[in-house]
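We just call them A, B, C, D, E and F in the order they show up, numbering each chain from 1.
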Amino acid sequence: MSKSYKTILITGAAGRLGTELRRGLSPLADTLRLADIDEIKDLQPNEEAMIFNLADEAAVMKAVEGVDAIVHFGGVPLERPWEEILDANIRGSYHIYEAARKHGVRRVVYASSVHAIGYHPLEAHIDTDAPVRPDSLYGVSKCFVEALSRFYWDKFGLESVCLRIFSSFPEPADRRMLWSWLSFEDCIRLVTASLTAPRVGHTITFGLSDNAVKLVDNGKAGHLGYVPRDNTERFRARVEAEKPPVDPKAPSTLYLGGWFVDISHPNDEASK
Amino acid sequence: MSKSYKTILITGAAGRLGTELRRGLSPLADTLRLADIDEIKDLQPNEEAMIFNLADEAAVMKAVEGVDAIVHFGGVPLERPWEEILDANIRGSYHIYEAARKHGVRRVVYASSVHAIGYHPLEAHIDTDAPVRPDSLYGVSKCFVEALSRFYWDKFGLESVCLRIFSSFPEPADRRMLWSWLSFEDCIRLVTASLTAPRVGHTITFGLSDNAVKLVDNGKAGHLGYVPRDNTERFRARVEAEKPPVDPKAPSTLYLGGWFVDISHPNDEASK
Amino acid sequence: MSKSYKTILITGAAGRLGTELRRGLSPLADTLRLADIDEIKDLQPNEEAMIFNLADEAAVMKAVEGVDAIVHFGGVPLERPWEEILDANIRGSYHIYEAARKHGVRRVVYASSVHAIGYHPLEAHIDTDAPVRPDSLYGVSKCFVEALSRFYWDKFGLESVCLRIFSSFPEPADRRMLWSWLSFEDCIRLVTASLTAPRVGHTITFGLSDNAVKLVDNGKAGHLGYVPRDNTERFRARVEAEKPPVDPKAPSTLYLGGWFVDISHPNDEASK
Amino acid sequence: MSKSYKTILITGAAGRLGTELRRGLSPLADTLRLADIDEIKDLQPNEEAMIFNLADEAAVMKAVEGVDAIVHFGGVPLERPWEEILDANIRGSYHIYEAARKHGVRRVVYASSVHAIGYHPLEAHIDTDAPVRPDSLYGVSKCFVEALSRFYWDKFGLESVCLRIFSSFPEPADRRMLWSWLSFEDCIRLVTASLTAPRVGHTITFGLSDNAVKLVDNGKAGHLGYVPRDNTERFRARVEAEKPPVDPKAPSTLYLGGWFVDISHPNDEASK
Amino acid sequence: MSKSYKTILITGAAGRLGTELRRGLSPLADTLRLADIDEIKDLQPNEEAMIFNLADEAAVMKAVEGVDAIVHFGGVPLERPWEEILDANIRGSYHIYEAARKHGVRRVVYASSVHAIGYHPLEAHIDTDAPVRPDSLYGVSKCFVEALSRFYWDKFGLESVCLRIFSSFPEPADRRMLWSWLSFEDCIRLVTASLTAPRVGHTITFGLSDNAVKLVDNGKAGHLGYVPRDNTERFRARVEAEKPPVDPKAPSTLYLGGWFVDISHPNDEASK
Amino acid sequence: MSKSYKTILITGAAGRLGTELRRGLSPLADTLRLADIDEIKDLQPNEEAMIFNLADEAAVMKAVEGVDAIVHFGGVPLERPWEEILDANIRGSYHIYEAARKHGVRRVVYASSVHAIGYHPLEAHIDTDAPVRPDSLYGVSKCFVEALSRFYWDKFGLESVCLRIFSSFPEPADRRMLWSWLSFEDCIRLVTASLTAPRVGHTITFGLSDNAVKLVDNGKAGHLGYVPRDNTERFRARVEAEKPPVDPKAPSTLYLGGWFVDISHPNDEASK
């Protein structure tokens, strides 16, 4: 049987999740083209590497040539000064989408983030149609790419899945992650489903494992066919023993974005 | 323990699904009365057969005598010229409902169809209260019976379950059926639940197996207690190998009704 | 300035509302073609008359020739035996829609009825997307035409407006009509808006004047641009003096359909 | 590992559910303080007992001293004359909440009831935000405490979970309980989740096992992390054999509250 | 023409709004029976006065004898210690409803309050089905009566309208009242509509004039036929000149209840 | 009486709407500070002018000094190549918001656009919470600023109103503008309401006059107190005479964005 794609480009391939995706997406394509601003190690026979900055439009255009799907996990992964966000996440993602349009890429899977909706209170139990409420400039950049990708679908027919990943780490590190955790294996399942679902149009989905505590409604992304198989129950006793109970009225407890709602503006950080 | 019903009438009993239901509903009634316009083969000891046209009001009235539940799967099962739809599905179903009222039947389970809502886009993720959007004269006739059965419940207390069956075949035959498939065993489970649920009033439900890709919300039919046990995962590899990916902007991909949205009016067909 | 339409066909032109529409729609077309099963009186210079039965497919086809809009108010206007409903409202309306498609008619305005949703309780405050709940065979036939016209829009691009008229009489005749009344002038405004709105696609709208008591939500038909100018306040004192208060728990008070929910099945009527 | 709480007060500890909770909540606290108006038997080493009337404000204040969580299952558990409801459920619960506020209790888990929403029809498939519709003075008192506890959360930051328990008995006793049953083990799981969930604010949740027939939507309480593990399937055959089918138009079948909707006002009872 | 009612009982008739209602409701009944705990002055020929405490069940029962509608505006009108709230608002209202049931009163119009939903944020734009969120013990008592009256409608067929009055004063006194004001004339219009609407069942409605700033959605009470005619525009310049702008993040600005959310528990007040 | 603001900064003050706002907002502030990239003519005594490029961060910072409200109508007002959109609308608006935060500005009124939601079909009748669906890079930049301003409200308490202006021209120029028109006077009313409403938090509102044809639901912005007084009825006859009827299936008719959905990507334009 032939693979779903000939060449998949993975941006951010040297990062925490990018490294996992190299392993996980290998069955889906003949070639994985790996892109990052940093060196990519342990290249496998089915992999090829390209090192460049997403803000470099010509480099992006070249990296997308011959690609039929993009897994766009590159860019800065947390709050940073405006110029860095602007270059890596806003300009960089525009370069990716415009290159994808020019080269006839069929589908993009984008690593959006819970921080695009970080200021929704937990008790709102939002679904994926809720208005954005970013909790950081980083989150604002995620909202920008979600809007941009919607435009590229509606006008140019380029399909996208935006994954609002909550907390994807080896293990839940605190009480919040008991509900916000996305295991690496479920992350791979989610990207795989996004790449192989029959029709995604423009889809926004929450990226979470099947944890017992459920705070958001992912029903409108049911067409992806993502079925998580992990949950945090096996970590619960340890986490609850190590971490004290949380204050139910603290902003970092009240809002989906967690401690991101507590950090100040990067300009204020910079002035320290 | 006594059975749920004394006599269940199954219309369309010689058809693809009717044949499966003979086997599956056997535990629910002392007698299965089988009706069809065609010959019914291999009659079992607990079965009795009646051959007639649903457009024949007197024959329908006679067939319903002594019955306490009807599983109405008869009529034309796909797009046909108006006069055929009118006689078999519209007039025929009126005869069934009026006979049921006259003879005090307690409950009717009706084979409606996805084609009553075939023009809803997949991305709408509709529930069972969404307005009808038929994709064919066949689908319009299904809408008619759903409205008729609602009337017979509201005014005369005759309970009905309308099953909007998607694709009930031995195996999924194409990529669309990877999400639209209803296995024969789940079809039997669904009709059984519809016949044995404590109270159905007038219920519309989607008829689907537990496939990973989920496009509609069946929550408002939760009172049926239908629990599907099949899904299409074991067929996925074969179907994806045999059938090419679909065009995400093609109408037959965009709408729930699939290729029914592509067929022309039967009057145009007839003139060819 | 040229008129909106060259020729508008009005069916049911000899009826109560048809007569008002002849006067009211005169500014919109060069010619009003008037159709009815009964004689049409006082023909004006801009009018032409055709007498036929809607069940006569050939006659309907001929009447629609050369027409660019249809105001379809014909058929039986209240509960009748099934065969009459079937011929006049179901078969007759199919003939109208199929003729409209064949002859390239741009738009149909259809007199649906509150009786398509008569079994919704007042307190539900439904909008036009609520599922149908007909209160009579007459109401079921209205549901059929609403579904049929949706199909002709989705598949063939024939625009329709379905007017769920509540109570259109010279004056409110009882306490229910204090909220359900549609004045003749507002009825003309509503049909005019339906014919002249820039884009109607397939629209379902409630037909009501601007009465103080408001029981349904017509927001989803806001694209028609219908602005009612009448209300029942000037009749209130008289009606309340003449008619006793209603029983708040009586079905005819509880449901939108009013006394239609109290009438029995026409087959039972017939047997008296 | 230290326990979640130092001392949990259980009111109604001598009752049917209270007795089960003594066993089930034992792992969560160093000490269970048991309160009831009746004698509490078989006191365990980790338990202490206090016998008093909830209407006695001073006694309640004393019982709450030194407590960090309250499981408030006390009060009259079914329809009773107004004065009894007033003293035990309204005044008694006010005493509990005011004592909790005064003594800095972190969280209250309250045994509300399906009878707070007993007059919603089954077909409404309500969620936990639906307006209250009590079916008894008992139900009205449950609405009062739900409102009171909301106030104590919004103004004073005292967290509460209100459990709308449907039917918690050793086994389902009739056909209604096939869908309304909450097993004792699931009841313990639900109270445990309510006590240990990271943040509950003010939560209303339905108390049901994972029965096949699902009539309500508990999604907005997903943050509790309650995962039921029991269902009624193993009792179905017996119950259906012993109990006749129900009338689909009877009020006790139509409404969530079951036979509570059939009982008269306690003042009328009293006068018999 | 005869009046709508023979005798209307007005409780709280000596209060601010009660005094206005004596004048405004005079056209609706032959006799206004006025009740208050305080003296009622300037008795008119069509009026009769009864002085008693609502906590006195026998006195209430006697006052309701011969009455066909009750306008229940009595009780404490703002935050007070629990015992006062309990006696006047909870016990007192139970007495009113039980007397109404016993004496066959047709309809009750109850002065509920914005303080039953005072903790909803302005930006939620709630409708009348939103869950209660009282901002005071006073507000909790309003929730109690709303639930109680729902019960008396569902089980006993006693109709009620609960008016969630925002700010009914001679003139808007601060910036909040520019949106929360209910003029005395509109208050009379609202009570009149509540008494004369054809069918109210159990209705909850917001009590507001037609102010430009609109924060809540009253659509589900459209069956009352209430048409406000006043608004605050003529007071705007004066209020804005006299009162400074508000802090957009202050709780008293954020929540519907206004400064009620700032007051502490009456037990704490009492201890000062 | 003192004015609402000491100094209001208007960006884009030399543009079509900016010129109208100079006249209209004059009563609200002691000083209007006018900013544009082009020369500003006819300076009035209460006005001061500053000419700079929004992409110049230092210039923006200086222009905002001493300002207590900003009416941000600057930037490119239609589809342009990415670099222009990026500099003027994305970077420029970030400069405005960051300067507003630094200088303690109380409120920003931002000229967003229908093109942020231009790909919603008319029949969706969206409200202001619908997900964004931009129809152009220009529209994507509007989505960016809506998200950015939400962030500045949630984290820093800077209030914003985002006006999704449809078509603000001297007169409706085509049939679409019969429903999409915002008169200059209503535009001034809308900005005035946005500046003077007691509390706006972060508000998104549609900018439309009171046209008969209504396609969107502005209820969630009711707290602005905006009351439009113009509509297009007086232009209807002329427009309908001059402009032919539209094709109901054309994209530019189907979607809110009108002809913007037909324009290609600026990169393709540029290559011509």
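Just so it is clear, a residue touches a chain if its C-beta (ideal position, glycine included) is under 8 Å from a C-beta of that chain, and two chains touch if they have at least 3 such contacts.
This one's a predicted model, so the numbers in the text were calculated from it and none came from an experiment.
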Next on the checklist: Spelling it out: a chain qualifies if it touches subunit D and also touches subunit F; which chains qualify?
Outcome noted: A, E
Checklist outcome for this item: Contact tally winner between D-E and A-B is D-E
Checklist entry - Does the subunit B and subunit D pair touch with the same residues on each side or with different residues, judged by whether over half of the numbers are shared? => result different
Next on the checklist: Between subunit A and subunit D, what distance separates the C-alpha centroids? Give it in angstrom.
Outcome noted: 41
Item to check | CA centroid of subunit B to CA centroid of subunit E, Å | outcome: 52
Item to check | Cα-centroid distance, subunit B relative to subunit C, in whole angstrom | outcome: 31
Checklist outcome for this item: Within subunit B, the set of residues that touch 2 or more other chains is none
Checklist entry - Which two-chain combinations qualify as touching? => result A-B, A-D, A-F, B-C, B-D, C-E, C-F, D-E, E-F
Checklist entry - Mind pulling up the subunit E residues that touch subunit F in the complex? => result 122-123, 125, 175-176, 178-179, 211-215, 217, 237, 240-241, 245-246, 248-249, 253-254
Item to check | subunit F to subunit E touching residues, read off their complex | outcome: 1-2, 4, 157, 159, 193, 196-201, 219-220, 222-227
Checklist entry - In the complex formed with subunit C, which residues of subunit B make contact? => result 82, 86, 90-91, 94, 98, 101, 116, 119, 129-137, 139-140, 143-144, 147-148, 150-151, 154-156, 204, 261, 265, 267
